[in-house]
Amino acid sequence: MNATVQKRLLEVRLLAMDVDGTLTDGTLFYTEEGHAMKSFFVRDGMGIVLLHRIGIRTALISSETSPILTTRAKKLGIHHTFLGCVHKDLVLKELAQKENLSLEQIAYIGDDINDISALKIAGISCCPSDAHPDVKGIVDYIAPSPGGKGAVRDICDAILALKNQVSANLWSDK
Amino acid sequence: MNATVQKRLLEVRLLAMDVDGTLTDGTLFYTEEGHAMKSFFVRDGMGIVLLHRIGIRTALISSETSPILTTRAKKLGIHHTFLGCVHKDLVLKELAQKENLSLEQIAYIGDDINDISALKIAGISCCPSDAHPDVKGIVDYIAPSPGGKGAVRDICDAILALKNQVSANLWSDK
Amino acid sequence: MNATVQKRLLEVRLLAMDVDGTLTDGTLFYTEEGHAMKSFFVRDGMGIVLLHRIGIRTALISSETSPILTTRAKKLGIHHTFLGCVHKDLVLKELAQKENLSLEQIAYIGDDINDISALKIAGISCCPSDAHPDVKGIVDYIAPSPGGKGAVRDICDAILALKNQVSANLWSDK
Amino acid sequence: MNATVQKRLLEVRLLAMDVDGTLTDGTLFYTEEGHAMKSFFVRDGMGIVLLHRIGIRTALISSETSPILTTRAKKLGIHHTFLGCVHKDLVLKELAQKENLSLEQIAYIGDDINDISALKIAGISCCPSDAHPDVKGIVDYIAPSPGGKGAVRDICDAILALKNQVSANLWSDK
């Protein structure tokens, strides 16, 4: 992560995240009745919990409409959940307004071409290591870990490190 | 992908796909009551949706009979679903006739030996990077990604690129 | 696979298989109510189906007691299913007697230390590429693929190749 | 594993384990109704069963509260299950007292920053090969295998080897 990216990441007040392929590894579990399950990663969840402890806000922005997202968001205390989003840039602008933040204060992480409009206007744009090539070509920072396997934690850890926060202490001081 | 393969891929009007091992990674989830779940890949689904936007038709051809396939096909707007197919070459011919296409205008992707009859007569034959060796030995093009982890998206992206389509624009212009 | 192993594999009339870690990748899915699911691999299933077409018999021998095994065995037409087996060597001897075969005519594949007694007396002993080190140290043949991801198919393919059987033809001639 | 670690591991009378990311690969399966499943590894379970046969005690210490943990613990005969633990060091001290052991006689394995307080006071501290960097930086021993894919078995095997126990014999002599 270069110095410019670090400087902009330090300004971040809200982390907005795509879900499938970013907070999950892109797997969609189907039963005969439809889309039944998603699988998340415990260490990504811990990263989000730690961000909340230092006052960073969080949001999910997905083109999917599954209530599974709301369930996971609730468990982690994520502040905003936007479902069924086609134009994610418009959602990001709406979110900035709602939170009284500038787009520069928002980091966005996504993995596929429907994230590109949001990635282009976010203060800092990130993607998992296994994102679609079109996404990897335009982001500020490619996380070392793949989607649903640490990509989101990588971003959380980077923010915590820049703010000189020790994760184990943040946890213990609860 | 060599020039001959590119030229034939440009002619493709329909993409026919095997399911287990191609649109999935070959995993079959069983409960005591039987085969309960399959898992698909979100970025493969996006590829199929993008093909539909430029008028390419799609079909699933499986030797399995699970209604899970119909559920996934419906979600993605796949035009044809053939279940319980033993002789996939005969199904491919039936499909060509139904769609008023020649076999040269159909691409087929499959991963195992029961796909070989269809792969041999399709205009262009493809397989995931982790297909059975007998399949890898006879196809026109081996996708860089494994089954259920991008192989189908690789084919979709190749078609879109040959037609000079920008995926992010196809999505935004909806 | 060296010449001695090939010669012995040619004599095989029955393939006996461990389940967890061999026909699965060792993953046990639990809900609050208990062990809910196992996941199998579609290409392993195809290998077993092809063996049946050339008259090779098959058996599952597991220390587990889950009815999921019976369900999967039924789907594939596996001839014998032994559950809750502690001393797998005794089960293998019982199976040989039942099928009127010598132990030399039986191949066994397993991945963990509770398979060692059976592996030691089978005509040919095999394990997945990711088996426990104690098992890898004593078998005749280590399959190139891991458990639940092609190890059983590797053995099936080796038998079919030694008998000059073309899998695609075996399938089409149905 | 160096001589000091070996010497301390030989003294171990109880193995305390984190669950998510240690006994699982960190995957959390969600349905619309909430956290529905966890997946465990059959060969990790075998390691725990073998430890019990030589009189080593075991415990689960998790910050999660899912009854799935109790179900898995019961299946394997694990002696203690602590759920909803924030300060794992305090739980470890309570456990030592309950079992009339010193902390030196307890090994602990965990993968994330909420395990650090317990890892710091355990007689021997271990983590999976894919643990969080903050954890890998402070443990006595990094297992060669990742969480939910053999890390716990690695520790069990190391203890058995140091005590000159042959796993296959421990199993057969049952």
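Some observations on this one:
Chains: A, B, C and D, in written order; residue numbering restarts at 1 for each.
Going forward, a residue touches a chain if its C-beta (ideal position, glycine included) is under 8 Å from a C-beta of that chain, and two chains touch if they have at least 3 such contacts.
Worth saying up front: this structure is predicted, and the values here are computed from it rather than measured.
With centres computed as the average of Cα coordinates, no chain lies farther from chain C than A. As for how the two copies chain B and chain C face one another, under half of their interface residue numbers coincide.
Note: Cα superposition of chain A onto chain D, rotation of 90 degrees, nearest 5. With each centre defined as the average position of its C-alpha atoms, the distance from chain A to chain B rounds to 31 Å. Chain A and chain C have centres, each the mean of its CA atoms, that are 43 Å apart. In chain D, the residues that reach two or more other chains under the touch definition are 29, 36-37. Taken chain by chain, the contacts form a single closed ring in which each chain touches exactly two others.
Note for the complex: chain C touches chain B at residues 29, 36-43, 45-46, 50, 66-68, 71-72, 75, 149, 153, 167-168, 171-172, 174. Per the touch definition, chain C reaches chain D in the complex via residues 20-21, 24, 26-37, 86-87, 111-114, 116-117, 132, 134.
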